[in-house]
Amino acid sequence: MAYFIVTSLLKIVGILFLVILPMVSYSVYAERRVSAFIQDRRGPNRVGPAGLFQPIADIFKLLLKEDFTPRTVNTFYYWLAPCLAMMPAIITIAVVPFGSTLFGVPMVIADINVGILYVFAIASLGVYGIVLAGWASNSKYPFLGGVRSSSQMISYELSLGLAVIPIFLLVGSLRLTSVVRYQIEHGWFIAPFIGDWMNPWKWLLAIPMLISFVVFAIAIFAETNRLPFDLPEAEQELAGGYNTEYSSMKFALFFLGEYAAMITGSAIIVTLFFGGWHLPLPSWHGGFHWVFVDGNAPGWRGVIGGLFNIATFFTKVAVLIFMFMWVRWTLPRFRYDQLMRLGWLFFFEIALVNIFIAAGILAFIRP
Amino acid sequence: MAITVPRPNLNWRERMYLPAIVAGLAITIKHFKNMLFGRTRVTMQYPEEKWDASLPDYYRGAPALVRDEDGRVRCVACQLCEFICPPRAIKIIPGEIPSTNRFAKVEKYPEEFDIDMIRCIFCGMCEEVCPEQAIYLRKDYAITGFTRADMVHHKEKLLEIGGVMHGVVLKWNEKK
Amino acid sequence: MITLGDYLIVSGILFAIGFAGVMLRRNLIIILMSLELMLNAANLSLVAFSRFRVLPTGLPDYNMQVFVFFIITVAAAEVAVGLAILVALFRARQTTDVKDISSLRF
Amino acid sequence: MPAFLFWIFALLMLIFGAAVVVNRNPVASALSLVVSFLGLAALFMSLDAYFIGIIQVLVYAGAVMVLFLFIIMLLDLRAEERRQISWLTSAGAIAVALALLLQIFYVVGHFKSAQQPFPPLARSTTDDVRNIGLLLFGNYNLPFQIIGILVLVATIGVVLLSRREPR
Amino acid sequence: MFNVQIDGVWHQFPKGTRVIEACEQAGSYVPRYCYHKKLSSPGNCRMCLIEMGLPKLGPDRKPELGTDGKPAINWMARPQISCAQDVAEGMGVRTNSPLVKECQQGVMEFLLINHPLDCPICDQAGECRLQEFSVDYGTSQSRFLENKVKKPKNVVLGPRVTLDDERCILCSRCIRFCQEIAKDDVLGFVDRGSYTVLTAHPGKRLENNYSLNTVDICPVGALTSTDFRFKMRVWFLKETKSICTSCATGCNTIIGTREDVIYRQTPRENDAVNSCWMCDYGRLNFDYLQSERRLLEPQILSGEKLVAADWQTAIAQAALELKQFSGSEIAIIASGRMTNEELWLTLQLAKTLNVPSIEIVPRTGPGDDILLSEDRNPNMNGARLLGVTSEPGAKLPAIADGVKSGRVTGLITLGENPMRLGISAEQLETLSTFVVMDILSNAATEYATVVLPSFAFAEKRGSMINGEGRLQRLNRAVRAPGAARDDWKILRDLTQACSGQNSSYSIEDVFRQMAEAVPRLTGLSLSKIGDLGVQVMEAHESPAPPVDLAAKNIEEAESQRPPGR
């Protein structure tokens, strides 16, 4: 029991302070660099080599700014909102398996049997931070941002939940580690036919999975308030939306919360569709074949394997984060009615039909 | 008159939007790639490279007061610039030139002339309205300061930026 | 040691709070919330019973949990309809106070 | 589950439940209700009903209460001004609630099983969700479909209700 | 009534109307420099040229009728000046015919020949007739190639007026004003032709008490006020209609302010009070608003010293101190410079505290027959009407004796210095309560137990009744410095703190209460007074000002400065 608590604490502290928080601040840096490159600019390149210390400078700047509370705000909720905005993104990470095992310890903070439901449940709490910020600011643009956010979240949670049902129809368990195990055995859901090219059933399965992936990824964009769905903060029309009245570290919490949500979203996409921490390596040990390393191997090979799996996972996450940024700096923002129409009349239906397709394939064609 | 721009009729492929989105993504990644490998070079790296040399003649930088060839501050404190200034950045306190002064005929001069460069919007209205050709917008654009007080240009600072203006109308020097 | 009785009493108190809310408050939206409190008090005792009645297989009695699941579903539908009615009422009367909504037709 | 955790979550739930009734500001009420539901979800978890607990958070905290907040903000409901409280009504309401409470205390006090601790559970080989799902799609298939129709009817009803009258 | 055709339309004017006035009333403004409606018409600027005609008479000496049934007009070949001509029956006037326009352009060109182009430094710029008419009626360029005539600049005509002869267009308004209104013939033209200049007669200076009116009527920037010269451009000034409070005449004024500083006061036309003029004494009496001695925050006596306090504390302290006395132990010295509203509230305070001895301090000075009144209190009639005093100053000796003998232990002075009554500093020191409400600190303020800084005339609203019995309105032109507070609010708070009752929330409320209690004010309100005032007492009702007891035994420890600097 004590061993369990210690390892859990180590995992929490390690993943939170060594990985997620630095990743959050560096994804802000990456965002600025990527956007600059896409727009033929240089981006932050002053602080440290290639501007790599920019996040640290940013943190100091945000900490040292005047923490200003406007007079007309509802103070308690005004202070509560940034905390609520940051929290869900971070606690969602708890159920995501970010590696196989290391020294025999499974690399997931809480492997609960309702994993994906937990993710959705906590993610759906993320809206409170934004709505509260908008309401407590007592100002019209934040208020509009808050109202938009609440309806946007409700609309896209439906597609989000429905989109992943085909996966769990296949896996038969809501546990996220089971999803990864299943993918290791049967191929990644994004392309189940890889390595099993001749199997028509896998090719057939790829159709609902691809639809699932597209709908889920787009819904994650909407859930994390990223462009093209960043209606709640729309700088051009709402002057920053719900965070207009915030400054200093409270503003930073919103900002970091958004990036943390993006990281969490990427992590879940990786877990559900990209095989989690799984990456087979080519090997010529007596002819070409795929080897797969994980933390279960004996001795130092196990340690290397465990670390390699963790690295694999976060590399995949990083690639997806780049995707998020790439999309953000390419697509324009939707209009609000278009957003609602898209959510309710398009993705919702697609996800529903997709469930039928997947269920049909499973029920009638499964070998 | 309101003009209604007709919406283009899209065919089913266009209405999917996906090809357009993919095309857009391709364009941005191309830019990203070119920039990453240093093939694009568009922006000027400001503190190292400056465009001072290529500033056009009509560039409107910091406003400044000028002296004429006799060393007289050309401003006579008529306060028209203070009146016209859209952001109300100018503040003038007029004074009377003592009768012993060689320019006693001008009678009035600015005792204090402050331009708040935080407020100034470089519109050039002051230059245009000035009946004495005393205020000009110069090419200084990097105006910095550590405090708000630093950003207020006083008379001395304005005259320092402005310097001496040659070849303007000298209406107070007319011959008897 | 926590017994079934503790859960039942907590559930009872929650129900009483919800009941008092429905009786005391005049704001329709608060009344709806209090109704939710009462429903959930019922859910709590149901789940407690479910855990208490362990089947011979060593598992809790899931029948009650299914029942709770139904309650939650119906409650969600009820809230949606209730809020829609509230919005319609507000459009007509600009108030959510039950004292001001006393006539049978608008 | 340790006893102190039960009491913490129970108190959290009750205090914020009471706050729902007491608060004058609808937004504060709604947020109190969210916290109360989170406490309730924790209690569900303490009873090994993980699925119900998570559903509680997902449906209530994540959807229903957001809907409440959305409506409160949409209608721009402000804190109620202090009105004259009808003492008779209040006294009546509180008396009935207290009577209800006393009754529950009495019944629970005389309920033999209520004094017994919860029996231990066998280590489950299948997920919570799977067990509930089997029941739901097996024994309760018909009620489940009826509920589905009910939700559909509710959806249509809401759409009709919230449609603006054509002028 | 005469029928006059102006620009083709027939109007009716009473006999004796000047043609220039008739044109203005008919809506055709005729430009003028020398003409001023309160002065005689010499007709020397030639700016008001018009085309004029008289009825065409038939052989029967009857006017011939035109095709429209109106008399036909026999137009004169040459233009006429409109300022020196009265209307006549059947007269025709054209104010914008080509001939008139050509004449106006010609006159403008002549006037501008020697006029310097120094608008940027000229104080008249912005309200200069020459600027305005040269835009409206002049040509846009000068054809003048020769050298301009040089004339004396910066001539000191008198203590308050500076002359720039180059700018003078020889309209002679100032000369006529001095002769006709000020009755002090000091100005005249010397030299001939282009070299004519305005100057004071040898051995004389323009130093009468009305000299600054010449600056007002000067259509160009020739005569400038030494006080206002080069201080502020007129287009920055915010103009507030108010009245002068330096004597009982209550001349109507316009206060010119910018950013809470008064720059000048100019007379406002009101034929019932001051025509178009005001005296220099009142006009320049606003400097004390920016005085060093201005009281800026309420003070209370703490131990030996006066310390700054906030308003609540100061009012509470004053009320606490006052409530420990019976009414007969308190005396209130009010002021004739207070507005009606303040006097009314002072009465309420006296009633609350049961104070019988309440008195106004008379204040007199030499007057003249033009505007300046001997009574230098602007609102003595208000005090009489409200019943604050029946015979101003009568109770003052009793109050002074009371203080000296120790019978009066609580003293409230409102804008007055008790030392003027002959009460010495030692006697003031023996008072156990001495509440002072004033604008400036003076010798007596040091002995106060509570000091309440109040507003000056340009900082508050209110009404006053002038020596002629006319109720006039003060308006707020600037904000008061520091924590100074409106007098009526101080008095209201003090009354409230003493009685514990709420009374009024705005100055309009105070006026309403006052109007309900005083029959002469029935039906009036601050807004109904209007800009020109309302007659509420007959002129003969105000007796001659009482003798100022204090004026002799104390030097002017007053805020007001004597005319002339």
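By written order: A, B, C, D and E. Residues from 1 in each chain.
Please note the rule applied: a residue touches a chain if its C-beta (ideal position, glycine included) is under 8 Å from a C-beta of that chain, and two chains touch if they have at least 3 such contacts.
Computed from a predicted model, the values in this text were never measured in an experiment.
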Fill in: Shared interface partners, meaning chains that touch chain A and chain D
none
Worksheet item: Most remote chain relative to chain D, going by C-alpha centroids?
Response: E
Worksheet, complete the sentence: Most heavily contacting pair of chains is C-D
Worksheet item: What is the chain whose Cα centre is as far as it gets from that of chain A?
Response: E
Worksheet entry | Centre distance in Å when chain C and chain E are each reduced to the mean of their C-alpha atoms | 76
Discussion item. Nearest whole angstrom, what separates the Cα centre of chain A from the Cα centre of chain B?
Written reply: 47
Worksheet item: When you check chain D against every other chain, which residues touch at least two of them?
Response: 51, 55, 63, 67, 74
Item to complete: Going through chain B residue by residue, note those that touch at least 2 other chains and give them in order.
Response: none
Worksheet item: Are the chains arranged, by touching, as a line, ring, star, complete graph, or other?
Response: line
Worksheet entry | Pairs of chains found to touch, sorted by chain label | A-B, A-D, B-E, C-D
Response to the item:
Within the complex, chain C is touched by chain D residues 1, 3, 6, 10, 13-14, 17-18, 20-21, 26, 29-30, 33, 36-37, 40, 43-44, 47-49, 51-52, 55-56, 59-60, 63-64, 67-68, 71-72, 74-75, 77, 80, 83, 89-90, 92-94, 96-98, 100-101, 104-105, 108-109, 111, 113-124, 131-132, 135-136, 139-140, 143, 147, 150-151, 154-155, 157-158, 161-162, 164
Discussion item. Quick check: in the complex, which residue numbers of chain A touch chain D?
Written reply: 77, 112-114, 117-118, 120-125, 127-128, 131-132, 134-135, 143, 146-147, 150-151, 153-154, 157, 172-175
Worksheet entry | Contacting residues of chain B [partner chain E, same complex] | 76-80, 82-83, 94-96, 99, 105-108, 131-132, 171, 175-176
Worksheet item: How about chain D: which of its residues touch chain A in the complex?
Response: 27, 31, 34, 50-51, 54-55, 57-58, 61-63, 66-67, 69-70, 73-74, 127-130
Discussion item. Considering only the defined contacts, which chain E positions touch chain B in the complex?
Written reply: 117-121, 125, 147, 150, 153-154, 229-231, 233, 235-236
